[in-house]
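Have a look at this one.
Going in written order, the chains are labelled A, B, C, D and E, and every chain counts its residues from 1.
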Amino acid sequence: MSDVEETEIARQVAFRGGGFAPKPYRWIGLAVFVMLISLAELGTQNGFISPLTLPKPSDVFLKFRELYETGLLRKHLEPSLTRLAVGGALGATIGIAVGVLIGLFSYIRAGLVPLVAAIFPIPKIALLPLFVIWFGIDEASKYALIAFGTFTPTVVATYGAVDNVDRNLIRMAQSFGLSWKSIVRKIILPGAMPGILSGLRISLAIAIILLVAAEMLGAEYGIGAYILEAGSLYDLDRLFAGVVMLSLLGVLLSAVIGGIERYVLRWRT
Amino acid sequence: MSDVEETEIARQVAFRGGGFAPKPYRWIGLAVFVMLISLAELGTQNGFISPLTLPKPSDVFLKFRELYETGLLRKHLEPSLTRLAVGGALGATIGIAVGVLIGLFSYIRAGLVPLVAAIFPIPKIALLPLFVIWFGIDEASKYALIAFGTFTPTVVATYGAVDNVDRNLIRMAQSFGLSWKSIVRKIILPGAMPGILSGLRISLAIAIILLVAAEMLGAEYGIGAYILEAGSLYDLDRLFAGVVMLSLLGVLLSAVIGGIERYVLRWRT
Amino acid sequence: SQNRKITVGALRFTSHSGSFIAFERGYFSDAGLDVELKFFQAAQPMAVAIASGSIDYAVTAVSGGLISLAQKGAVKVIGGALTEEPGIDGQKIIASDVAFKAGVTSPKMLDGKVFGMSTAGSSFHYMGSKIASAEGVSLKFKPLQKVGAIIGALKSGQIDAWSIVPHIAKPLARSGAAHIIGNVSDYLPNYQITTVFTSARNAAEEKAMTRNFLSGFSKGVADYNATMIERTGGEDGVSEMVRLIHKYVYANRPLEKAAPSIINGTMRLNEGAALNVTSIQDQLKWFQSEALVDADITMDTLVDSSYVKTIHA
Amino acid sequence: MDIRLSGISHSYDGFEVLRDITLDIPSGKIVCIVGPTGCGKSTLLRLIGGLERPAKGSVLQLGLPAEDCLNPLTYVFQDFALLPWRSVAGNISLVLEDHGMKKSAITEIVNNVLARTKLTEFARALPKQLSGGMKQRVAIARALAVKPAVMLMDEPLSALDSQTRELLMSDLVKLWTQQPFTAVYVTHNLDEAVRMGHSIVVLSRCPGKIREIIHLEKPLAERSYGDGELQFRQKYLWNLMRDEALAADAELVNV
Amino acid sequence: MDIRLSGISHSYDGFEVLRDITLDIPSGKIVCIVGPTGCGKSTLLRLIGGLERPAKGSVLQLGLPAEDCLNPLTYVFQDFALLPWRSVAGNISLVLEDHGMKKSAITEIVNNVLARTKLTEFARALPKQLSGGMKQRVAIARALAVKPAVMLMDEPLSALDSQTRELLMSDLVKLWTQQPFTAVYVTHNLDEAVRMGHSIVVLSRCPGKIREIIHLEKPLAERSYGDGELQFRQKYLWNLMRDEALAADAELVNV
């Protein structure tokens, strides 16, 4: 082989792969937030954006500081977090239990799945007057509303997750003579865990959204009540401060679930 | 082999399989509905359930018939369906577009994903006063509210679906020298379709739920407006008639998507 | 000492001052009641809460919901709380800036205009309707559910007019976003705006407790009227009263900022919780004529007039 | 303990899968079952293990399993069927936990089978950390842990690449030589069949019927990679099956 | 067109996968690459096809591909990589649509390759209706459709059961005999390697280096199932690789 002869027709193979694989750029997310907020600040400062449309971000921030300094922040956060925790836990627990039952028993499935499907699209705010009668105006009705809202998506996610448990693993367990209880406890529940957790993600987002509806029911303190009051006074600074709180809460909760997932599902590839 | 000798120690292998495979019993679902409704009817008839707690199912049914006969049903359904269609289509279309962009471009992903995550937990009813200013009190604000509510879940589902498209198929396309546009159009979009459709399921359920919130904004006709008026008059017959309508609508829409899935995804195993 | 425990529902409005004063000055305890105040964001859930027995007494406007609950045998109106009185600053009719500039300078000009209300069957609906029929104009009513949404719609000129209590109307007018074009009292003299009500069970079976409540409440009302309207205590009396009310109304604003709003909101409360039955009758009739409530509901279903002085005017 | 299949037929929703299978599985021998795709091999194995009930005919256990046998009929699956959330040791103890044994007894058995399959140092690894070959070794260890009277192996090596398959085959042969076990070994791979089987049952296309049974006398330990005699048998089997395999391959799948 | 790899090394995040690979792939021949799991065979193939850039060294095309060649370097993947939402014909036309051809020209090519791979009657079937063997036949037809100068085949038969594999191997040999093509054929299976390869490149464990290159002279068409000479070569290869295969199998996977 003489290289001289060949150089004319030897060509490097062209690269044509790569791409279609997202790369993370953390700073961009931050930059977008900073940019949007600065734009809003500028626009509101020089009157380009009317004060009816958007509050000054700096005013929202001041409201925040005021809330924090007067101790009102805690006063509003505490009941809201309690409601979220109790209502969410209630809804999720019952939802998971019912979902597992639906997944395991054909009769329960046949009876409850259509019911859940019918309940799903009912907006909880439409039922507010009824909740007062059913559960009173105290915490019970707030818990019930949040629980009710988290219940349906949890059920749907859970029985889907149970259905998706690898049937081969179940046949394996049967072939080794494992008891029904063992199969449920050692195969079905852990196998459904990824689906259940990702369902919880959605359920908890819904729980936060329902917080506002729940606090329409005679709550004095709470982020939802704070937002509602701000809304009825058309006080945009406070309205946005409340909305930002909910948003932060949502991002935080989602991060918490992410952490739980990483820990509980560390066996996943 | 003498059978006489062996019969003592020959045993049939015991059956230990089966189960854990749901069987459909359609009639049970129906039976549960019929039972619950009859119970409610009985309870309200003989005063065991106070009229404050539940309306008589028969009265709800009468209300329905009345609605139908007076032509009010159509008057309420039409604007609601239009709002659902326009708002839902708007939110879903933009959501899918943004989701695909996030799935394809790392920079857009980095910029928008945190934003979407922050917007997700904001309850739309908290923003009602703002929507009045931003979009007015006519149809625009109703479309906007529903679009806004369907947008975020659609985005999340869509970029998840794009991420889940089999990378091997993309490498294959690249190895055959397909253009970027062809890859997106012929591989990524159809490959993401199952995920997008199942995301739409959730988005549309949310759209129905938001119908009530949207019709808080100066709607005279519409199922949401009907429910709200019934709620403020504490007219349980009408409230339940409205809720049943929404529920039916939800079940119907879900069936429609199921049909679309079966048709569009008939290539799926 | 052996006080009976009851719960009283309230909104954080000046018109509920009767309860606040009676509570703060111990008039309820004097009447043998151990009162717990429960606050609501809106009147509707309060009515439902009375019906469900979660609270015992409350003050609210006569709305379609209240009548409907009365029809179900759940609540009864037992007294009056707030009345429009000619000569005393009452609820205002306001027009949006846009509409005002387009010539809506008096309620006469409202023909074909859009009137804001929270929901069908609310007091806004009733007022607007009455004004319209008195002026012979026709109004379009826009249900916006929340006061915040109505204010937003008014500020941005999407609705043309509204009627609202003075402490909201006046700041709006001052900011230039709206203009006061009339008084509700011109159209609805002696309009019984809000009433004291309780569950039908309390009205029928707990007569002693109900009477005790009304007597405590009335003392609060008397104090309020004396201080804020007759000014018997002079400016000092007013500022002391404002400080008391500020505990409940605009509590999250500093006193200096809250005081003008509280003073702006002053309206005469019904002395002795007297009830204007004629006005109630008129309201009931209106609700029935609009088919918002059943036509066969009678005054007896709605009102228990055995507790307070009734006014027929 | 022997297994006797007598006159077994089976169908799914009227679609006949197996027809009149009569077969004896003698103790201490490995019976291979080969046949084209979809001829009912897996179904037959499920019938033997009691995971499914035959429509006709019966599966009999002749004689009693050994005293210490915890699960007479024990499967090894093609896809390993390991719980991904349990470690190697945990996957094995899973099948012992329901027998009311003491913890120490369980640990002892687990350690014993791990040692026999040379997995001791992987005891705490999770399945996701293992190569396919290792995963199947764990599944085999799990099967050994219950001291089965008969091992039912459904294409145990089909999911592995051919080099790993070669390694596992010699492992299995060693395990059998140390302590002969009874096995029904389903495979597609004729090389595997002639290396592992004392007898080879050839099934026809669906509905599966027994076409031929071949007996191989050569001891397992002496059969090696690329053995001339075995090659000859294998070639014979392939000729027997080629046309059916071709037809099976070209069928449209019903989904 | 020949392919020349000169001094190729590659690493992922500092982890060396391939080291100094120099190799010529002559036109019209099939070069098999064998080696233990994870030794970088697939990586090497991706480098050859331009799907990845080598860290060091270069991949050269010597000479020009034929005029009508649409995609000189064309892959056949182990997992078939068929679009499930397109029919058999649609999957093939997919790779022709970007070349600005007329519809009729595309149809003609599609029909031609379907006929060559005996798939004509399956043209309108969806992938889900096909057996694994059929799916891979479609992938091969798709590769033929673009008239490749070199076929890059990454374990094309590994996902198939051994009977189907046997059938496809003889299909491939027939295709090659009709019209010789150049191919780099990666496999785990030594039987496949000795049946399909004009030369066999043996890679060492990670980082993959060339250990040995074996040349087989016997024409492809004459190599048959269980051929004695090939068995001998195969045994030699297996002895060469066994220890490395064992070590590769027993490694913990990093995930």
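A few comments on the model shown:
Just so we're on the same page, a contact is a pair of C-beta atoms (placed from the backbone, for glycine too) under 8 Å apart; a residue touches a chain by one contact, two chains touch by 3 or more.
Quick caveat: nothing in here was measured; it's all calculated off a predicted structure.
Chains that touch both chain A and chain C: B. Note on connectivity: the fewest steps through touching chains from chain A to chain E is 1.
Pairwise, the chains sharing the most contacting C-beta pairs are A-B. Counting every residue number used by either copy at the chain A-chain B contact, over half are found in both chains. Note: centroid distance chain A to chain B, computed from Cα atoms, is 16 Å.
Each chain gets one centre point, the mean of its Cα atoms, and the points for chain C and chain E are 84 Å apart. Chain geometry summary: the mean Cα position of chain B and that of chain C are 41 Å apart.
Between chain B and chain E, the centres computed from C-alpha atoms are 46 Å apart. Multi-chain contact residues of chain C, defined as those touching 2 or more other chains: 44, 48, 51-52, 65, 146, 148-149, 151-152, 155-156.
Within chain D, residues 49, 51, 73, 128, 255 each touch two or more of the remaining chains. Shared interface positions of chain B, defined as residues touching 2 or more other chains, are 16-17, 52, 128-130, 133, 171, 174-175, 177, 228, 231, 234, 269. Per the contact rule defined earlier, chains pair up in contact as A-B, A-C, A-D, A-E, B-C, B-D, B-E, D-E.
Contacts from chain E toward chain D in the complex involve residues 36-37, 122, 125, 128-131, 133-134, 158, 161-164, 166-167, 188-192, 225-226, 228, 231-232, 234-235, 238, 241-242, 245-246, 248-255.
Residues 49, 51, 70-71, 73-75, 77, 79, 81, 83-86, 94-95, 97-98, 126-128, 146, 152 of chain E touch chain B in their complex.
Every residue of chain A that touches chain C in the complex is listed here, in rising order: 52, 72, 128-129, 132-134, 136-138, 215-220, 225, 228-234. On the chain B side of its complex with chain D, the touching residues are 6, 9-18, 269. Touching chain A in their complex are the following residues of chain B: 16-17, 19-33, 36, 52-53, 103-104, 106-107, 109-115, 117-130, 133-134, 163, 167, 170-171, 174-175, 177, 180, 183, 188, 202, 205, 208-213, 224, 227-228, 231, 234, 236, 239, 242-243, 246-247, 249-251, 253-254.
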